[in-house]
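As written, the chains take the letters A, B, C and D, and residue 1 is the first residue of each chain.
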Amino acid sequence: MNTFGTIFRVSIFGESHGEEIGVVIDGVEPGIELSEKDFIPDIDRRRSGARGTTPRMESDEPHILSGVFEGHTTGAPLTLVFRNGNTRSADYARLRDVPRPGHADFTANVKYGGFQDPRGGGHFSGRLTLPVVAAGVVAKKVLAETVAEETHGHVRFKAEARLVEIGGVCDPTQWEALLAEAQAEGDSLGGVVECVVDGLPAGLGEPFWDSVESCLSHALFAIPGVRGVEFGDGFAAARMKGSEHNDCFTADGIEGHEGLVTPVTNHAGGVNGGITNGNPLVMRVAFKPTSSIRKPQRTWDFSAGEMTELSVGGRHDVCFALRTPVIVEAMAAIVLADLIDRG
Amino acid sequence: MNTFGTIFRVSIFGESHGEEIGVVIDGVEPGIELSEKDFIPDIDRRRSGARGTTPRMESDEPHILSGVFEGHTTGAPLTLVFRNGNTRSADYARLRDVPRPGHADFTANVKYGGFQDPRGGGHFSGRLTLPVVAAGVVAKKVLAETVAEETHGHVRFKAEARLVEIGGVCDPTQWEALLAEAQAEGDSLGGVVECVVDGLPAGLGEPFWDSVESCLSHALFAIPGVRGVEFGDGFAAARMKGSEHNDCFTADGIEGHEGLVTPVTNHAGGVNGGITNGNPLVMRVAFKPTSSIRKPQRTWDFSAGEMTELSVGGRHDVCFALRTPVIVEAMAAIVLADLIDRG
Amino acid sequence: MNTFGTIFRVSIFGESHGEEIGVVIDGVEPGIELSEKDFIPDIDRRRSGARGTTPRMESDEPHILSGVFEGHTTGAPLTLVFRNGNTRSADYARLRDVPRPGHADFTANVKYGGFQDPRGGGHFSGRLTLPVVAAGVVAKKVLAETVAEETHGHVRFKAEARLVEIGGVCDPTQWEALLAEAQAEGDSLGGVVECVVDGLPAGLGEPFWDSVESCLSHALFAIPGVRGVEFGDGFAAARMKGSEHNDCFTADGIEGHEGLVTPVTNHAGGVNGGITNGNPLVMRVAFKPTSSIRKPQRTWDFSAGEMTELSVGGRHDVCFALRTPVIVEAMAAIVLADLIDRG
Amino acid sequence: MNTFGTIFRVSIFGESHGEEIGVVIDGVEPGIELSEKDFIPDIDRRRSGARGTTPRMESDEPHILSGVFEGHTTGAPLTLVFRNGNTRSADYARLRDVPRPGHADFTANVKYGGFQDPRGGGHFSGRLTLPVVAAGVVAKKVLAETVAEETHGHVRFKAEARLVEIGGVCDPTQWEALLAEAQAEGDSLGGVVECVVDGLPAGLGEPFWDSVESCLSHALFAIPGVRGVEFGDGFAAARMKGSEHNDCFTADGIEGHEGLVTPVTNHAGGVNGGITNGNPLVMRVAFKPTSSIRKPQRTWDFSAGEMTELSVGGRHDVCFALRTPVIVEAMAAIVLADLIDRG
């Protein structure tokens, strides 16, 4: 299904090399100020250009088709589209015959019996994260407004994701060299993104199937290339003792929570029993290295019926994880906007 | 919401110390042989008794209330209940006043305004994984039958989860000592469970929101105490190069896949682009250490309005992760039964 | 699917002659006073006994399994069961061979391949309206509380359904004779139920797919034996002119709406554009005559492969519509509780 | 929510006077031949022009944005848009102040706090039935293909809706005069549409909440202006005896069902117990008279705070029911495509 969410509901459509890609957002409350320029900053964060990302200049201008009137949301479904341009799709027939390792070429072929749009990954393309970022902008506005209303302006909602690791290296001063080296080798790198969400009310999430972590991980694993998701201490928690991992409660002196009972530490990452506890929500997302590499790989040629060697040409990110923090942020916001609407 | 799944749909109800807990399973095809004894082996795997698990003998006998007639599923909703017994609930009032670190006492109180059933964790209790295990038994039967039908008996569905790490130690010969030590200290340990699912057809999952990993992680993070979920190389993938992580395809000599194009290696864990690729599905789940520990912890006393010291008495697992492999297996089966029904 | 609703969510399970039937209600807010005796009045309204209804004394006592603690809802799923008793199921094998006209015997057989529970209609039985009535009791409490809160007690929610027609006759004084005559003939009668819901806020419902009428009719047509649903003037509206059917607005002197703009008349039945307008919601539901009749009918005998004559014996309502007003009320309340929760 | 369906899922977006309106259809199987010209015949049936319908020439040309590649569906979400043109929206401010009787002006204002797009009815406009008709075209193709496959071409799916009554008159030869008269009076007329669906397999639908009638009525009441829905004998069934209304089964000589057990008559309209029985599905839908009339009506002026007289000018259908048969057909097809996918 191409729809996510119960009340704040997001549907993504389009293919990498089709006419338009877009998003329909349902459940946006009326009266929120919104115009096309509100989307620019986040879209720019996702855009290519920095070292390690593809130089392709995408056509990333948002067009609002419905749901906004006189500068405010109307309460009706909000539709945004992006017109595709600059799409080279000469060689896609080859993708059906020689599936690229690490890509969805093979599985799409199995699932759709060869009818899928193979150009640029079609509906599996990373380009579909562009409407996700747009939906994230709307979600953040909904959250900011709701949190401000509920706390009479005392608390400010804030989601911030950043890359904390590239190719296993945590020190950003070394990344430039690492990327240059991988690029020279025709190879690629992965990375880890950390996202912290602050200003959330305690009490979001449901005790069982729709725990906060369940809903967040559902959305995060929808981002192409994610291999792992963890909250708080994450996998490290499995190596800790209870006395180290448990967060004790206090009402004394947690900055920004004066007078409120709050966990002193944040090993749990802001959630107990699937429900937010008032602490910052902390999650980490592992991205695999970019699948498209120039370095030759052996794979199967369906038409020839034999193994062949494949070098994936064209413009590719050496490390697409560089572009993902804003996508992680958007996914987190989309999930939380839905949970806050569900009450 | 307390329901999970689109076609194969599972609803869990009940509280740890209420009269009964149970599960309603919708979307089970008619004609599957099923009786109460089919549930016993998996229920036994979850049951307490081994070192490191609580000695409490639960009342784990399943009762089928609906959906089975003359030894076969009818196609109508299948309802199973377990009657609770052996429940000591003397001291629960204290849980509202002094929330146990790591537990949902505090967040439940915020969310339900003090009306939640606090006895034994109420609806947040690990005891609710018992109906999950029962639903997993039904899901595995559905999967086994569907896979056998679709492959004319050539492929056998198999899901197998096991603990691969306790307290950071991978060597099982050391676990006994580790558990004894933690128990003596009044402390607890976490662990990591790995689950491998074999015999799945390629093509399961949806390209975006309902990727196989999205759906699986959603269910896995619903298990109390999960801190991280990863697929294939998982977080390690973020430290690999593309040339190391990519799985190349071949039609030569993969045992059990003779004549079929299949990835040679399995770094992706059986999924490309959110869709199964015919390889075994591999996932790992990180469990935190048991929250209830005898060792004293400082926490807030709501009634006294001051910090206090809390030692959580009673019968507790030193390492509840020991009991979770069958739960992880059940969750995987529940998700996959739904995905296979969705086609 | 056996679940209805988005936030206030109802799942029904069980078979007429199984061990238990029941309902799981998700999304009930915590803190509502609730005990088993609250269900008795509505259950009694549905119960058999009056002329025209079957003399079978059902085992209609409700048991709360979960979701209530110390006399209040907890916010966790609320489960209620009814134990079946007094079930005669001798002759059900015959139902597979000789499907009763008007019943689901034939279609159930096609759908479930003969595995359905055929006793007493199994999961298709009218007995499943008993848990619906129970869910309705909870829904009415939710609505009453929400309306009272939102209007500071100024408005009282009220849903009231009654039979307005039996066998085409609107005058209740003639019904007794009509029923006696049909019973003597071994035949049966249908009827029409009208339900009026008052005290609803304006603004419930969604502009397109989930219009108030869409959601209500969805639930109402789930009641066994419903053949038609209409709102306001209903089918008669198709025979009116716009100038007759349109409801004009006024702020003058509508009793109970002093100072509020309200439609003067109520041809629309309380809805404009799928959204409640503050007027009473008015719907009518047509019930077919009871399908089980003593009068012989010709039908097909699958085992003999020839036509046969069938007289449906046993205890049956001459006019089951007599028992349905409380079911219609319950369905309306279930839908409206969900819509009011969705905001 | 703006989405309908479980597997075959339709989302509608846009406003009458916005830039574009459209539809996203999820769950369309890959490989179905589809191009923009396939939509023309049904779009033409809905188009204005005949007496009794507005002379406004809408911009009804469909544009496929995604989901089709090289003339076939890809399996990814199918998006279609229609660009709005010829939109006069001068006077909409007045609609907020003086709500038109019978329209959603008042309820939209309550629900969306004045932020809705009031031009031409906004998201409540009948113009949104244009993407519904487009989705219906896709649904009919899915149904035709599935039925043909399952019956090896022996059965042909067919949905056909037609107007059977205008202003209470069943004889079409009198309609022209009736419409002319209403137009001259500045008044409007309603009508009844009957839809018959043939070629459906027995076994569609679910026994309780998602009965065939529940799902169909849900979609049909989403069409603006519907006041009633009935199946088979409908409201007349409530006036019949069981012996008259019951459909007996036979295996003898039902044309087109040779050798199959089928009901002899079709009082039930093709459904027993919420599940199709192999007979043609028969439903009737009552449409109210057009709300916009030239004839002056008294209503409330919010800005002046007093009653006023309103004559709704502009181009309007005297009887919009004339344009609805293709919409009813589309809705029926959308629901049935989903039910057939659900199995």
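Convention: a residue touches a chain if its C-beta (ideal position, glycine included) is under 8 Å from a C-beta of that chain, and two chains touch if they have at least 3 such contacts.
Just so it is clear, the model here is predicted, and its values are computed rather than measured.
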- Task: Check every other chain and keep only those touching both chain C and chain D; list them.
- Result: A, B
- Item | Comparison of B-D and A-B by number of C-beta pairs in contact, larger one | A-B
- Item | Remotest chain, chain C as reference, centres from CA atoms | A
- Message: Need the CA-centroid distance for the pair chain B / chain D, whole Å please.
- Response: 44
- Note on the structure: Taking each chain's centre as the mean of its CA atoms, chain B sits from chain C at a distance in Å of 38
- Item | Gap in Å, rounded to a whole number, between the CA centres of chain B and chain A | 25
- Task: Specify, in ascending order, the residues of chain A that touch 2 or more different other chains.
- Result: 1-3, 6, 12, 76, 111, 123, 207
- Sites on chain B touched by chain D in the complex: 6-7, 76, 207, 342
- Note on the structure: The answer for chain C against chain B in the complex is residues 1-3, 9, 11-15, 18-22, 24, 26-27, 30-31, 63-67, 69, 72-79, 81, 111-113, 115-117, 122-123
- Message: Residue numbers of chain A touching chain B in their complex, please.
- Response: 1-4, 6, 12, 99, 101-104, 106-108, 110-111, 123-124, 128, 165, 167-168, 182, 185, 187-192, 202-203, 206-211, 213-215, 217-222, 224, 226-235, 237-252, 261, 263, 268-269, 271-278, 286-293, 295, 297-300, 302, 305, 307, 321
